[in-house]
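Next come two complexes, and both contain subunit A; in the first it sits with subunit B, in the second with subunit C.
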Partner chain A sequence: MATMPASASDLLKSFKLKTKQQELLIRVSILCLVYILAFITRLFSVLRYESMIHEFDPYFNYRTTLYLTENGFYDFWNWFDYESWYPLGRIVGGTLYPGLMVTAVLIYRILRFLRFAVHIREVCVLTAPFFASNTTLVAYFFGKEIWDSGAGLVAAILIAVCPGYISRSVAGSYDNEGVAIFALLFTFYLFVKAVNTGSLAWSLASAFGYFYMVSAWGGYVFIINLIPLYVLVLLITGRYSMRLYVAYNCMYILGMLLAMQIRFVGFQHVQSGEHMAAMGVFFLMQVFYFLDWVKHMLSDTKLFQAFLRITVTSAVAVGGIALGLGMVSGYISPWTGRFYSLLDPTYAKDHIPIIASVSEHQPTAWSSFMFDFHILLFLFPAGLYFCFKRLSDATIFIVMYGLTSMYFAGVMVRLILVATPAVCLISAIAVSATVKNLTVLLRSKNKVVQTGSTKGSGGSKSSSKALLDQSQPFQKNGAIALLFGAFYLLSRYATHCTWVTSEAYSSPSIVLAARGAHGNRVIFDDYREAYFWLRQNTPQDAKVMSWWDYGYQITAMGNRTVIVDNNTWNNTHIATVGRAMSSYEDEAIEIIRSLDVDYVLVVFGGVTGYSSDDINKIGGGVFPVIKEPDYLVNGEYRVDKGAAPKMLNCLMYKLCYYRFGEMMTEYGKPPGYDRARGVEIGNKDVKLEHLEEAFTTSNWINLRKDNASFQWCLSLGIVDLALATNQNFLETELLTLFQAT
Partner chain B sequence: MAISYIHLFILSFISTSRFLVISKAGAESELVAYLLTLQSQSESGVIHLNDRTVSKFITSTKTPRPYSLLIFFDAIPLHDKSDLRLPVLVHDFALVASSFIANHNGSNTKLFFCDLEFRESQSSFKLFDVNSLPNIYLVGPDAESLKDDTEQMEQSGFTRLIESLVEFIESRTQLTVGPIHHSPVISKKQMVLIIGFLLIWSPFAARKIFAGETMFHNPRIWLSGAIFVYFFSVSGAMHIIIRKMPMFLMDREDPNKLIFFYQGTGVQLGLEGFMVGFLYTIVGLLLAVVTHVLVYVKDLKTKRIGMLFSIFVSFWAVKQVIFLDNWKTRYAIHGFWPSRWN
Partner chain C sequence: MTVFSLVLLTYFMVVSGFVYDVIVEPPGIGSTQDPATGAVRPVVFLPGRVNGQYIIEGLSSGFMFVLGGIGIVLLDLALDKNRARSVKVSYAIAGISSVVIAYVMTTLFIRIKIPGYLR
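Right after this comes the complex of A and B.
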């Protein structure tokens, strides 16, 4: 017993780590915790509802993944889908980015190989959180590359819970962006690493990262334009180096060849105008290299300058002529609408209403930034300043990434997602540099901090505080107070993020939740009720007409053919449906018959009355027969007695308000009281001549009387994805199915 | 030319079939010729009318007239009212007019584009019974009374004036307008000049870049550019540009009051965005200034005051932003302390 303490202390001594090892251990354990945190914070929806796919697009992805697991890759590649865009059909294999599906199937196969009996749906549901976890690791390494390992750790923590990223990567949101942000950041990291080291291996890796990104998301265009822009800035600011030359050329050539293997991209990568910047910079690099070589060979500077003038002039001229010829001959295609709308933001509104009408393409108001970034928004300018104080190739890159993505985030709400990693990294630099200096101050042995120390590492609030108080005894206390302040603010950030995730970003929007009068959660499952009704009760070959939002869900869950779906590739077809919905019943029935439609699905209820003005814009764009003013009274949509006659008699109105006039919705209000707009509807006696009611889901009847803030809405337009998630609306949907007779 | 022959033919047909009105036809062709000269004198082809010419061309002629007049009602004092968008409408109207004339090779005598200005033609405004702007009236060949027989373009058409004006003309007069000739942003000559300039300038620029003596080598310029881009994005400037939001609104109930802040997510006003964008930016910049500039200040007192000042301002700015956000979105963003403490 007496020897015990001695041996124990020996044992302890042998376990005692050196400071470096300790630091490593702490770092690794923090990273592990962050990895887990990033995963579990995205599980709210699984815990609250069940393991299911969310929203609209993910249902298409899920359906294709299912097809891929069942039929194998080659069938998937050649898949022609008869069930959507009836009667046109859709070539699926050639018109999608397969990265997400292939990734999910790969994970599925690995799990199966390891004898985990999972269903492919669970894999799909958890793919996005898994990749979010991986993104935190990439953010750590990226932060380490551009600043130091402390900044890397902070970046990993920040990005793990940042709402801007969580909005697209919660469990169940099985969409391209889920893996694409990982791929994007990974490619950037590898490229910066390649530029920093000049190593061929890293640039090769970044080319493969780029390939993965191309296979996963159309946003790869951002990479292929940002990297040339970055290289161009380096060239202009006189930071040309052999490292840059190796990194860019290898990445561009190999990345291009690999990207062309994706069928959806194909030769676009060398032909379309969106990729021309990369090619131009590639040639410019060669010119730079050539000039460098000639300068090396020619010792005479005058001779070299003459040579320089001639070369640059001819190079610019040749480039310009080639571009002009390519454009004129049609070999180089002009920019697509989506890309153009980023450069000239007003373009989309005037020329492509269908893009402009989607709520996630709306320009961002200041409050959305606050919602998605919280304190990062305040730290961002400070981080920018720190980066400029310590300029290197890597910090230039992150600054450019931050600024361009910030600009794009201002143009479109959904692009906040792309800006999030950059904002996290730059803010992490600010946080890390500040905290580091505070702790350095705390650890210093009572001695005054020299002014010189702040010069080198960028300094911080505390060190200046220290200088301020150098002759006073409060120096350390001040630092401690500021340190606590910083941690307190960061903890507020964490609280905010968790709260946002829980309240706003974790609703599957297929099962809806509202709070009842007593604060209890009420769940409405009407969508799925309708889709399963379709699956069980309609003939196999039935065609369903609905507004395009529900197309993917009907095919995936109802297993029935649809006329239009969320892949809005054919505006005319969409407009035809819009036209049928907005014309009188006898006109509509002709369209319905010509499209061979058996069922019409309308969603009654919705989020806001706001979005309903879009259907006529789109319908009217192609068919001048439909004019928006016909449905408006004094520029307003109305459904009560004062509504426009065309509105009161259009198919959509009739289907939505069928049998609604006899129904009491709220105590003390007349029957047929529309709760979304707070009006009594204008046409209570709706009679259908050609259509008959097939099925109406339950929440129409089971409405609880005390549920006073329950909302109804005529959903003519597009369900607001981004806006809806930003608003704490109580929502419900009522689905009504009508059978064409 | 062919059209004018046909036109002459019609004219002669009319004159031969109705001997008695030869003199009238002569007067009419005189009017048309006068209108054509007025049209050619105007740069865009829009004829500027006043009370005298209104009576000459419309009220004192006998119907049916051989021409229709499309009249745009303008008021120069109202040009600075941004919600009326009068200058834009004037420009669009002129564009349609010039395109129409160009598409008919100047041989059109059926339809003339005119405008009336409120200050100089008040009695004509009364004749048309026009009380509000913008307004466009079509005076057809048979219109006797300017109040009742003329056709007014719908107010909803003014949001997309060019398209709806073309539609209006084509449906009411049975004339085709043809393609609209938008003037290109850069003309061909300018294009050639710019390309030439670029070609000459590029070697000089390249030399400077090689030597490293452009302003692009100054990090300060990059930094201020970067901060500007940040400010521009987070203040929602793109939102203002795309949605064409005004800087502020007038309060409908009390015209002396201005509304700067708009309640509701997804929509913002101009000044509101800039104010909040400024608050966003100031905190980060103060942190940077404190850590990189203030430390070099020798005087202890200045340093101390600067420090306290920036702490106070940062605290106030963050608090203000959170307060505004909560007010705007009715969504409780987390601030300095739990929201139940408020």
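Right after this comes the complex of A and C.
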């Protein structure tokens, strides 16, 4: 009888863990939960609709991945695609970043090897959430490197649900950024680890991490400029060390050589102005090493100071002359427009309208920041304060990463994605430091009370301790209250993130949803309906002309040749299409015939308002025949009776409003009422001479039958509608196909 | 210290949408006409889109974010051992009130701006 309780307590004792093991268990279980959370929070659209690819660019990536699985890497690397940009074609192998496709096919092959018979589309759809989960792990290790493991855990949690990252890595968003953010954070972590340890192995790993990043996304230019800037700051603040020397040299040289293996990048690391900062800092490092060696050899400090001054001035002079010679001779190309517009935001608006027209490239308003970051915006300055309090090589890096990426995020909405890991890490430092302060307050007071009661020696001591004891419960309660406050804020953050993910970032864009009068959800699947019709009812070699937004989707789903697509590498070709859309029908048919086009596809629901704006800007830039003022009345676009005659008769207007004049769209309004712009259209009797209507998708019919008052978002055009991921809410579309006779 | 205040100033400008103001040049404050009386009423928050603002709404939101950040910094200063007790208490109160005000105002702003928020 006596042995029974003894064995039970012995059993319990054998299960009871030491504190260190308890801590490890807690950490591992938190990381596992965060890993699963990061994956499942991105699955909203798969659960609501089905497992399909979203948006426009992912369809091109999907098509190339299909080609890679079917034909192998050698054929993929040397692929010339004749189905897009007719009649020019496209050299696919040399104009894309292969990292994403190769990764997806690798995962596919591994799963197949393990006898999981998955389709490549499933792998493509779920690649981004998988890599988001991996990013949380990297964030944990990075946080541990910068501050401590508590900050690492908080960073992992914050980045798992942060909407800034989720927006580009939902399931179905099969785009470069899904993999690239993982590669970015991984490269930065490896480099900071290399600088902290000075080990050659970590530097080598960071070079390979950089290679993966270069293969994945064009945003690698950020890495190759941030790291030299960081090294420069370290050199200026007097933190030169052998560790830094080893880390940067190894990473730069090996990384550069590896990056040249990607054909799209080619020799840019030695030829392009955007990469010259890295080279300059590389040479500066050699100068520093040389100076350090001379200082070691010399014993006379005065002589060394003079030598230092001479060497530094001559080094800078030689560097400047070399750079100047390179730029003047044309060997070193200047900054490309895409990246130059980040430094000078007004540049794109005046010179490159096609970049300025994309809604993702607009500057950021405060509400976008709030939407994507929520309370992290408070924690970021606090985290910067803590980093400044405890400066080290690693915290200097994260401060620089945070500040530069936040500036770029302010310039362009899309770059909030790049800023997200930095903001999450710095906020995690703030959270971790504050919580640590508060819990130290809680626990230390307990100890003082205990020692005061157990020792009790000396009257004065005990009385002073008694005085302290009186204020301690108050402080303890205060600390508990503050901890609850912090917990409340973090829970609000989680709620906000889940709501944003569910409502704003889980729309596939190719399937649209709206709310009917009774609050029921109505689905519009017009895009896929039209592409499938194209695939099944047109001849194999038919060529389709549309605005460039839809190019990738038409080639991937409709399997037909297109004239222009989202790659937008040839402005003149796009301008030709724009000119055709905005001219009178007789002029347009000449252009259409010269391009050998069989079908013209237009999207109606918001076309002639804003996108004509861009068509005219781009068309007018190349062909001075098109003048935007011809289409305007008093400086604004109108489609009703008071519109300009050129607008009422251009091809785009006629194709969109063909047979629209006899339709009743809303109860109580005259026929031909355009619900997107809220006016009755001006030219109701549209007659087409050279084109005939081939197919109109089903929502033409739905509109006529349903008298319910839909809520409308004033969508300003194809460009805004198609590319703005924030504004999915309440728009409807219908697609019309016209056939050229 | 100076570096940190410069950093805070830059952060304030970026987060208020300064670049947006320079490029898009929105008005300082919007206006709408009251349909019944015909009087012109000011509109502080640009309705309809997430990525759009008037200048004043951007600046006030940016100020709230910086206020929240400073509140947390004050809280950390309040927990520092080497100060007089009264200073610590005042820092703590200032810090807590800053964070609370900043959070409440920001939530209010976003609720006005996006009508369907959290529904």
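General remarks:
By definition in this document, the second predicted complex is superposed on the first by the 679 of 741 C-alpha atoms of A that agree within 3 Å, B and C clash if a C-alpha of one lies under 4 Å from a C-alpha of the other, contacts with A are read in each partner's own complex, and residues count from 1 in each chain.
Following the convention adopted for this analysis, contacts are C-beta pairs under 8 Å (C-beta built on N, C-alpha and C of every residue); 3 or more make two chains touch, one makes a residue touch a chain.
Note that the coordinates shown come from a computational prediction; the quantities given were computed from them, not determined experimentally.
In the model built by aligning both structures on subunit A, subunit B clashes with subunit C. Within the superposed three-chain model, A:S368 lies in touch with subunit B and with subunit C [touch as defined at top].
When the shared chain is aligned, no partner comes close enough to touch A:I110: not subunit B, not subunit C. Of the two partner chains placed by the overlay, neither subunit B nor subunit C lies in contact with A:L25. Contacts of A:R309 after superposition: subunit B is touched, whereas subunit C is not reached. Set side by side, subunit B and subunit C differ in how many residues of subunit A they touch, and the one touching more is B.
In the superposition on chain A, no contact is made by A:L47 with either subunit B or subunit C.
Of the two partner chains, subunit B and subunit C are each touched by A:F380.
Of the two partner chains, subunit C is the only one that A:L441 touches; subunit B does not reach it. When the shared chain is aligned, no partner comes close enough to touch A:L88: not subunit B, not subunit C. Shared contact residues of subunit A with subunit B and subunit C: 345-346, 349, 362-371, 375, 377-382, 384-386, 388, 403, 406-407, 409-411, 430, 433-434, 437, 495-496, 499, 726-727. Those residues of subunit A whose C-beta lies close enough to touch subunit C in the complex are 345-346, 349, 359, 362-371, 375, 377-382, 384-386, 388, 403, 406-407, 409-411, 413, 430, 433-434, 437-438, 441, 478, 482, 485, 489, 495-496, 499, 503-504, 713-714, 724, 726-727, 729. By the touch criterion given at the top, residues 154, 156, 167, 195, 198-199, 202-203, 206-207, 209-210, 212, 214, 216-217, 219, 222-223, 226-227, 229-230, 232-239, 241-243, 265-268, 272-273, 276-277, 280-281, 283-285, 287-288, 290-292, 294-296, 300, 303-304, 307, 314, 317-318, 321-322, 325, 328-331, 333-336 of subunit B touch subunit A in their complex. Across the complex, subunit B is touched by residues 235-238, 291, 305, 308-310, 312-313, 316-317, 320, 345-346, 349, 362-371, 374-375, 377-386, 388-389, 391, 399, 403, 406-407, 409-411, 430, 433-434, 437, 451, 454, 458-461, 463-465, 467-468, 492, 495-496, 499, 624, 628-629, 632, 635, 723, 726-728 of subunit A. In the complex of the two chains, the subunit C residues touching subunit A come out as 3-4, 7-8, 10-11, 14-20, 22-24, 48-53, 57-58, 61-62, 65-66, 68-73, 75-76, 79, 92, 96, 99, 102-103, 106, 109-110, 113-114, 116-118.
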